[in-house]
Amino acid sequence: MNIRGALAGLVLAASTVFGARAAPAPAEIKVGTLYASTGPFAAISMPAYDGIKLWVKQANAAGGVYVKPYHKKIPLKLIAYDDQSNTATAATLYNQLITQDHVEILISDSGSVLTSVAVPIAREHKQLLFDLSGTGAPFFSKDNPYIVLMSLPISTLWPKAQADFLNDVGWRAGVRKVAILYATNDFTGTHAKSLAGYLRKAGKETIVYDQGVPTNTTNYSVLINNIAAAKPDAVIELGYPGNDIAFLRALQDSGEKFRYVFTLFGGFEMHAVLGGAGASAMVGTFTYIPAALYPYKVNYGPTVEQFHAAWDKAYPPGSGVAWGADGLMGYMSGLVIERALATTPGMSQLDLRRAVFALSGKLDTLAGAFRLNPVGAQIGEMTPMGQLRADGPHAVRPVAVYPPALAMGKPEFGPRSGQ
Amino acid sequence: MRKRGLLPDLLLPALVLVAFGAAPFLYSNELMLFNFVTFLALAQGLNIVYGFTGYLPFGYVGFYGAGAYGFALAVMHLHAPPLAAMAAGGAAALVLAVVLLPLLRLSGAYFAIASLAAAQAVYEVVSNPALENVTKGPYGVSLSGVFAPRFSYFVALAILGGAFALVVWLRNSRFGLALQAIREDPVSAASAGVSVVRGRTIAWLLSALVAGLVGAAFAWHISVFYPDTAFDLGVSIFATVFVLFGGATTLTGPLLGVLILYGVYNWIGITVPQYFQFIYGALIVGLVLFLPNGLVSLLTARGIRVP
Amino acid sequence: MADAADAPLLQAEGIETGYGKVQVLWGAGVDVRARESVVLLGANGAGKTTLLKVLVGLLPSWRGTVRLGGEDVTALRTDRRVRRGLAYMSELGVFAGLTIDENLRIGGQFVERAALRTRIEELYAVFPDLAERKRASAGSLSGGQRKMLGIAKALAAGPRVLVMDEPSAGLSPLFVQQVIGVLGRFRAQGLAMLIAEQNVAFLDLADRVFTLEGGRIRFEGTVAQLHADDALHRAYFGLA
Amino acid sequence: MLIGAIVAGVVFGLYFTLVGLGLNLVFGVMRIVNLAHGDFLMLGGYAAWWLLSAFGIHPLPAAAIVLVVFMLAGLPLYYLVVPRLQRARDSEMLSLILFFGLSQMIEAVTTIVVGTTERSLPGRLLGIGPMIVLGARLPKPWVFSAAVSAVAVLGVYLYLYRTRLGTLTRAVMVSRDEALATGIDIHRVSAIAFGISLGLAGIAGVFAPFMLGSITPNIGVGLNITAFAVIVVGTLGNPLGTVVGGIVYGVSLMLMQTYFSSWANLLPNLLLIAVLLARPQGLYGRRVRLA
């Protein structure tokens, strides 16, 4: 292995020296990524990986992607490893993609935790990290040009929609006391903190319950009892799909009724949560409306309907691959990368960065507007608030209710307890 | 008479250290090499306590995690230079080992499970959101300020050298022989004047120290990690299987275990983890039933001395 | 028929065995005929328990054969031998955590339900101490009572031959006499017995005696013949 | 809130009695630690999910099917592994490692077959909405699972104390050597106990989706630690002691969740260590090395 690695290094060094002037087009563009087939992040990682695969398949079916420096279409080669939701494994594999596979495009695994270890490694090796959905604010700093966030706004920006909604519409509907229950991981933990921050800053609603529980919590019955004892009007549960399913089921079994109940993945992975919790537990709850459930106007790539149709064709319903926001983010990241390759001035990693930044503010994809701040974080579309309505006995459909510019229906709050 | 075994006992580790010292200049996935060094050291560390006293701590990762967090806390709160923080990591593991000394009163399976529970308990404390200001809780640690992959690789290699030295010493000293006597038969060993409690305590502390230093080196090398990585039960499991597979009490056994099994893991385990997990499980079952003393027992059972 | 009647009920021949690499028995053998009471005399560490374990199937023999009622049972497990009419009372003798009644029912595990009930009633008649405390835990019994329960438990199986390992162990002389008394009653009823002992008081029960020394049978014969041998007499009865 | 937590704890603890019951039975009879117990439980959960989604079988008959199938599966598994294991020098310790290997195999195969998606059963199958017990609101599926657990405990009691085979089983538990000497067919008794243990794990698995929220192929490892904590607290080797262990665990877990929710997961670990250290002699005095 060592000798082979050394030889590969020599060959590469030689080809760099001799290839500097001629710049022959490579036979393929190597795209490297990781996925988690098992563990806590499998639920958000596998769909994203399926989205990337779909993009690669479509691009190669069209003869590859157009790469500007070579003036021709070049097929993509996807190199992907399974990190099994383990950050130590992921770190080794990111290294493998950069140092052994020499990928031109490095896409991180889904979620902040599995992205976090990639940030110093990519920076160390001067490789641009296409950050799929790692929204942790500490990833982005002025002294690190080697990261760019593709889809979601960074997590501190995210909860503003909800805070605004509660302060505005919620307040008028009589919501005064708020309970926040969150899973303690980078993603939902940061989220909960900034939500509480926004609410406190506005100074209208009072937070009567604010508790973190381990991400592997699946038993919410007692927690719900305790929340009920604090008599909140609004209950906001922030967790991964497994948490949301368990919470919604426990809430239904407990018989407690709150005026406003929010879950994160009730919208983001609506179909997965529906499969676990059932429609009756979800009807009337609030959530964010991800791009997968919202028809953004596009100026580049397919609309969400077109994409959904392509998805169902590639992964027929029942094949075990859920349709949701993470799949869309994987696919959409591919689209942006494709566009960047078509416009990049050169093939160096910093050239690619320039190309991506040049797209900021110009692209409207099925995930909404693509806009970056100077450190590479996404500040595009504000995720709208939505409410889930019954769609027949066994399904729900989302209705965007806030902000007014994006709203497609009016929110309905539950009855005041005791009424 | 023991001298006859000393030379091969010194040669083998020297060979390994030289090979892994040269490796980063030939193979660029340094993190992969680092993982090998990590597991080589952990396997020898576990060998110290399991091979020479018969105690098998399922929660060995607890010391590794303590070391990683000892390093991180020293860097974050005391702004300690990395080498001083390494010492803090080793100290943290030692403190934990001292706290857990009463566990040595338990035997076999109870000890194994109690140590596992102890490691889990430490993890629950470290990862608790209530301690976010101290440990960053479940949100993980970022030490990008001291990030130095090449230097920390060689520090880890030095720790591996230390672990090798400890095992060589145990294999070739009166103290090590006394320990083995305790393992075989505590009652007669005690009556023969060997201090059972002292012997076990020393082996336990040394073993913890190795894991703690390895954990600290890991923290330094990777610089971004989470409590569930630092306390990943898989680390214990891997180290245990490597030692059992190769055969404890020897230098070769754990070494073979890491090179073969971790090699196979990196070769097929990454692409098809479930199949690898299955093979791993089957291997454990087969080993316990048919070769409970590991690969080297194929030789040692024939009276051949294996380094 | 004559052959079958003469053939030993229980017989071990040329037994060699040990633990790990340590050999304990070096071609030892012993036999018990129908209605006969045999005492296997030997000091601590002579290999008595080891020989009994081979007889009942708790320890495999490296060499030699064990016959039960003429059938070669060397390869049979203990439970199969018990089904064929062998009962064994170990030094432990009883299940301390279970009640007296349960101990007896376990002893008679292979006996048909109704027959077992009658047999247990009969045993209670012989052991009134036990009958009084049927529901008490065997652990609450005194040492002597425990031995009685051990004997009763072994007899509950209705064995053709009863093998006992040191029934006197740990008992005061008074209780030893009680045990000998009870066993004497069963001997009178014609129960075949093999008793391994170092207490010569049990020779009162013996039709024949074997002595075991260093894993070998040193002597086989009647009690009278034993007394006649000066060296043996000295070894077991002292200078008296 | 206090009463509510205690009532919920008792109900929850009864379920965890069922989780630990089989593990304790196997330990009592065979002196081995079945570290794959949690994985058999997980398999029971998937069996219930599969029976419902493929054939529409309600969890209650599914539990009966799982019980029988798992019991039958336990017999050959016993003969394949345990007798050979018990001949080894330190079988108690080796059992831990061996069954850990088995646990890895089970988890791997399950992952290959069903994937890693969280699966659960609709709670309405066991009744929707809360049930008021002593003023505490409990989910109906909890009460249901606790009732099934109580029936299982009763069943094990009747088996051990009212049947011939059960008496022999207890004899083996009291003294393996004496049982051998008495001519008890230890392997038959043990194999049946092993089968019962798997059956109990299977039933516990059927109700796991209701009690734990959802199941994935990797829940086994965590459940093993919990189950071990329950039986250590309850008294190792005494299946009926598991009831005490389960309730102590359930009540203290619920109290923790109520008053110090983020520390709740610390609990089984601390309980385990505390009980092991505080009662080192244990019921059979075998827990301590001579030193």
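For clarity, chains are labelled A, B, C and D in written order, and residue numbers in each chain start from 1.
The rule is short, and it goes like this: contacts are C-beta pairs under 8 Å (C-beta built on N, C-alpha and C of every residue); 3 or more make two chains touch, one makes a residue touch a chain.
Bear in mind the structure is a predicted one, so any value in this text is a computation, not a measurement.
Common neighbours of subunit A and subunit C (chains touching each): D.
Minimum number of contact steps separating subunit B from subunit C: 2.
By number of C-beta pairs in contact, A-D leads when A-D and C-D are compared. Farthest from subunit C, judged by the mean position of CA atoms in each chain, is A. A summary of chain positions shows that the Cα centroid lying nearest the centre of all protein Cα atoms is that of chain D. Averaging C-alpha coordinates per chain places the centre of subunit C 42 Å away from that of subunit D. Centroid to centroid, with C-alpha atoms defining each point, subunit A and subunit B lie 37 Å apart. One inter-chain figure worth recording: subunit B and subunit D are separated by 31 Å, centre to centre, where each centre is the mean of the chain's CA atoms.
Contact of a single residue of subunit D with at least two other chains is seen at positions 111, 262, 265. Contact with two or more other chains is made by residues 129, 274 of subunit B.
For subunit A, the set of residues that touch two or more other chains comprises 37-38, 184, 212, 214. Chains that are in contact with each other form these pairs: A-B, A-D, B-D, C-D. Every residue of subunit C that touches subunit D in the complex is listed here, in rising order: 56, 58, 77-79, 81-83, 86-90, 92-98, 102, 105-107, 109-110, 153, 157. Touching subunit B in their complex are the following residues of subunit A: 1-3, 5-6, 9, 37-38, 81-82, 84, 86-89, 91-93, 95-96, 99-100, 113, 116-117, 119-121, 124, 138, 184-186, 189-190, 212, 214-215.
Against subunit A, the residues of subunit B that register as touching in their complex are 23, 26-32, 35, 127, 129, 137-140, 142, 144, 147, 149, 218, 222-226, 228-229, 232, 234, 266, 270-274.
By the touch criterion given at the top, residues 33, 81, 84-85, 88-90, 92-98, 100-109, 111-112, 221, 225, 228-229, 262-263, 265-266, 268-270, 272-273, 276-277, 280, 286-291 of subunit D touch subunit B in their complex.
By the touch criterion stated above, subunit D contacts subunit C in their complex at residues 164, 167-168, 170-171, 173-175, 177-185.
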